[in-house]
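What follows is subunit A paired twice: with subunit B in the first complex and subunit C in the second.
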Partner chain A sequence: MHVFLEAGIIGISLGAQYALLALGFTLIFGILGVVNFAHGGFYMLGGYVAYTCVSGLGLPYPVAVLIAVLATGALGWVFELLLIERLVDDHLATLMLTLALYLIISTGVLAVFGPISMEFSFPVGGAFRAGPIYVPRENLIVLAVCLIALGGLWLILFRTDLGRALRALADDRAVARAQGLHPRVLFPLAFALATGLAGLTGALVTPILSLSPGVGDPVLATSFLTVILGGLGSLGGAALAAFVVGIVEAYTSVYFGGSIGALVLFVLVLLLLVFRPTGLLGRETRGA
Partner chain B sequence: MNEYRALLAAAICIGVGFSVTPSRAQDCELKIGSMGPMSGGAAQWGLAMDAAANLAAAEVNAEGGLKVGGKRCHVTVVAYDSKYTADGAAAGANAFAAEGIHFIIGPVGAPEATGIKPVAARNEQIAWNASYAKDALMPRYPLMFHMGPGPGAWADSVIKEALKYFKITSVALIAPNDQGGTDIVTVDEVAYKNNGIKTSSEYYQRGTTNFAPIITRLLAANPDAVDTASSPPGDAGVIVKQLRLAGFTGPIGRNGGPGTAEILRVSGGLDVLKDFYWYEAQPPNTPEMRAIDEEYKKLLGKEQTFGTSMWSNLPGARMTLKAIEVAGTVDDVQKVAEALRHLPVNDPNMGKGVWSGQAQFGIAQELMFPFGVGIIKDGKEVGVVRVEPKL
Partner chain C sequence: MDATRQDAGMTETLVRREPLLGGAEIAAILVFVATFAIPLLTKSVLVYSVLNQILVGVIAAQSVWIMLRMNLLSFATPAFMAIGGYTVAIAGRFDITDAVLMTAAAFLLPALVAVPLGALVLRLRGTYFVLVTFVLSQIMQLVLFETPSLTGGSNGIAGVPPVTLFGSELASYRQMLLFACLLALLATLITALLTRHFRQHFAAIEENEVLAESLGLVVWRYKALGFVVAAGVAGLAGYSLVNMLLTAHPSSFDSITAVDFIAYTIVGGRVSILGPIVGSTLLIWATNLFGTHGQYAQGLYGVLILVVVLAARGGIVGSVAALSRRWRS
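So, the complex of A and B:
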């Protein structure tokens, strides 16, 4: 019984990490219609910025996380404004641009920090234990940040003028423009919000797992899998799917082993694409 | 105007003079390849391979170049990141062939060894894999050489040394679910069973970042010890960290590729690692081994940070260049291979070794030197003991 409970706890922890990753990814697609192949790069960069702040500058970890969010958000803003914005309606061009940015980030990190993993640990260690059941404290913090990020994002998108404007642009860009909304101002903000979220996830999760130039690679695959399951562009869908993916991965890995766990997830997505191509909460079409 | 022309002519003469000077000192250039995973969790192994190739090249260059026939050749190293995959290694061999490179120091992993063998044979390339694959060498690929033996030659010694420090009656092994994992775990299991230890094994998809669910499954068998086998050092570090977080207090072993420094870095240090035993390619901290790192710094101008794998790859790289010198050709690869097979195994740093592999692979093209077994007990490094290979 304790194994069953433990798997559930691990599943929720994994789900929180995946939700943080998927939110930014789906935000960019939902509002700009851009599939951001550089998402893993911003995750990795967030980790390295936080590491540099803690190990190089001696800053407290929470400050390092904040700087990582601001740095990745700023880079995303500049990247959207200078490059993506010019070709935002050309899906192939934006795909190549974001892929190129990912390669630049990962190669840059490799050149500066080298290929070896950094010694970077989460400042809060240990776990709450009740017999054989344990909940790592670091996972609870990630879960709390995930819930706050979800709530914050919901507030921004559904309770502010900025959110209304972004949703209007996502629904029908031409009509939104006619109403006086400016994509050139709003799109970079949305992009910065999403890349800042990726940076936040990197700063939080890499000290729990590991930090090396390759850590961005699996992030893209996980984000893709999660948002396809949730419905590309759907914020609620991404969050729901992230916890579904986390829990399915945990239970299948615990009861059937690591190889089967990965396989089950892909089969799940395949079945969903066959029977419900829009994903769990996705819409049939997007206006942008 | 004439003054300007005279100045221009002088400048061109000086420029040409400078550009010609190096080629006068050495008559030709020899490119060799280095191959292995140079990014990702196993990067340390690939970079160690590249570092060994670079040091061997720097050694001959410092002597004025490699003697080939009547010429002196400057040796340069071209690196290729084969990403621990079969297709990466095959593509790397073809990329080297396109550059006219016929001597490859690498690759590292079992999938890479599988990928490179047929391609290198077709391209007439000598390659040195360091994998622990069951078919690391095959008689039908006579241009393939092996940097050192797999766990079949040393796992028993590692386990026996570990049993002096830790009580182990059962062990759970964990490794990737490809050939780089399964080939090693199955051999390790036999070694554990021969020492009266019960085994169970778990495999994971390469690219897994969070091992918590697999660790829950692993610990459900309640093993005394966990062996990270051939999991890349980056993965093994996360596994160690999550094992300790899950409350596992038993010893953790590593009957796989070296990488203790990386495991220590990722897991959080000696306090987290606590009780650990591992295979080491060579006993470190001997004057001969320290001399390699000193020479690396002297010739290449930087610290050798790739761990002990670099040491064990160096003899193969040195012997390849020596064989080219003995054969007196860079073009006749078969002649170089024949010269290599007849070279005595006697490395300036590693000492005397032997050509082995006949019994396991049917072809004696594997280098075998004394190796080490490392122990960490109660968060303190006990040290690495030297073990003579059983021939």
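So, the complex of A and C:
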């Protein structure tokens, strides 16, 4: 029984991480109509920025995480403003731009840090025990921070004017513009918000998992899987799907081991597309 | 009498038959016919190695290009390459190495697998298509790892025997390379015939899918046909790759290699069949210039894609064509 509970907590913790990634991804798609292939790149960059701050500059880990969020957010903001903005209505072109950015980020990281994985470990060790239940303390801290970030994101999107403006742009860009909203200001902000979330996840999770130039690829694949499952552009769907993916992954890896769980999950998502091409909570929205 | 003749004339102009092959297609085929001369003229191992990589890359890029003709960006190429490549490697275990038979199998098996997948994937709109084809390549990786009795799992299948053509073994490097030329020529021929024959249909889908559909074009039929043939062509690329390495390994078919094939196609230019050919030749050649620092070539691809998307939409071939047109007028 305690194995079952432990796996559940790990699953929820994974789900919270995936939710931060998938919400960022789906924000960018929902608001701008852009598929962000660089999302895994921002995750990786978040990890490397935090690593540099901790081991290069000797900053405390929480400060390093904050700097990672700001740095990835700023890069996202600049990238949107300078490049994506010019071609924002061309789906294929923006996809190619983000793909190019991913290749450049990966190569840059490879050139600066080399191909080997970094010695980057979470500053808090030990485990939390409650009776027979045993959960690494780092997982609980990551879970707490992810949940706070998710709550903050919810507040921004549903309780502020900025959030209302962003959701209006996602609903109908033409109408939102006619109401006096400025995509030129809001698009870079949305992009920065999303890439900052990816950077936050990277800074939090890479010390637990690993930090090497290849870590972006599986993140990209998981983000894709999650948003397909949840329905492209649906925030609630992305969050729900992230927890489904995290929990399924945790249980299958405990009870079956290896990558069988991932395989089953991938195939299930494909089958879901047969019956519900718009995902769990998706609607027919964007003509993308 | 007059009316009938006029009517016949009208029909002729309305459904003007495409010529079997156009200028670009003929040029592409001539390029690969000429390529046969390279292994016969030189014995340089470096030239052989680079040419062999190019011959594999060209086929894979053509598979991407077929779908791009309909404005669909496919990341599924490595998955279908894996089916083609592993088919050949597994058959090799049973000493089935006949070139004609294996070429047919490496084309048909991925194409067959693509039929149900196409039915699933092509109902989805463009963006979903990109994501789902990426996921397909991921699934293929996992399948390769999880079926060790068939595919050797993470070890792959080493020691794939060389192909035999009409009973004689093509074991020397030169003979292997000539066979790679043959596969590239075949793939080019298939791609050229398909995209030329359905040029207007594909162009209509690329231009405006909804409009094409409302004008009576059965869009899904052409998309499905393109997807199936692109899968077959990718299978040939997998065959050529396994034949080059004499090994079938999961890392050869990593989903992220799809990015390379897309880069070849976009940088070369999506306007004509010469695009993927020029793009893969130049980029693979450039990658080899990096020597032992080959991993940095990805950054070059990234920069080149940025340049093409922002400044030269036609890629190399499109830009050259535009320049020569301007120069002539």
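The rule is short, and it goes like this: the second predicted complex is superposed on the first by the 283 of 288 C-alpha atoms of A that agree within 3 Å, B and C clash if a C-alpha of one lies under 4 Å from a C-alpha of the other, contacts with A are read in each partner's own complex, and residues count from 1 in each chain.
Please note the rule applied: a residue touches a chain if its C-beta (ideal position, glycine included) is under 8 Å from a C-beta of that chain, and two chains touch if they have at least 3 such contacts.
Values in this document were obtained by computation on a predicted structure and should not be read as measured data.
Annotation: superposed three-chain arrangement on subunit A; subunit B versus subunit C shows a clash. In the superposition on chain A, A:273 contacts subunit C only, with no contact to subunit B. Of the two partner chains, both subunit B and subunit C are touched by A:217. In the overlay built on the shared chain, the residue A:245 is in contact with neither subunit B nor subunit C. By the touch criterion defined above, A:170 lies against neither subunit B nor subunit C after alignment on the C-alpha atoms of chain A. When the shared chain is aligned, subunit C comes close enough to touch A:95, but subunit B does not.
Of the two partner chains, subunit B and subunit C are each touched by A:110. In the superposition on chain A, A:32 makes contact with neither subunit B nor subunit C. Once the two complexes are laid over each other on the shared chain, residue contacts for A:259 go to subunit B and to subunit C alike. In the superposition on chain A, the residues of subunit A contacting both subunit B and subunit C are 106, 110, 115, 217, 221, 258-259, 262. Chain contact summary for the complex, subunit B toward subunit A: residues 38-41, 43-44, 47, 177, 202-205, 207-210, 212-214, 216-217, 220, 233-234, 237-238, 245-247, 262, 265-266, 268-269, 305. Residue ranges of subunit C in contact with subunit A, taken from their complex: 71, 73, 120, 123-128, 130-132, 134-136, 138-139, 142-143, 145-146, 255-256, 259, 262-263, 266, 295-296, 298-299, 301-303, 305-306, 308-310. Within the complex formed with subunit C, the subunit A residues making contact are 29, 35, 83, 86-87, 91-93, 95-97, 99-104, 106-108, 110-111, 115, 217, 220-221, 224-225, 227-228, 232, 258-260, 262-263, 266-267, 269-270, 273-274, 277, 286-288.
By the touch rule above, subunit A contacts subunit B in their complex via residues 3, 6-7, 10-11, 13-14, 17, 106, 110, 114-119, 121, 127, 129, 132, 134, 136, 209-210, 212-215, 217-218, 221, 249-251, 253-255, 257-259, 261-262.
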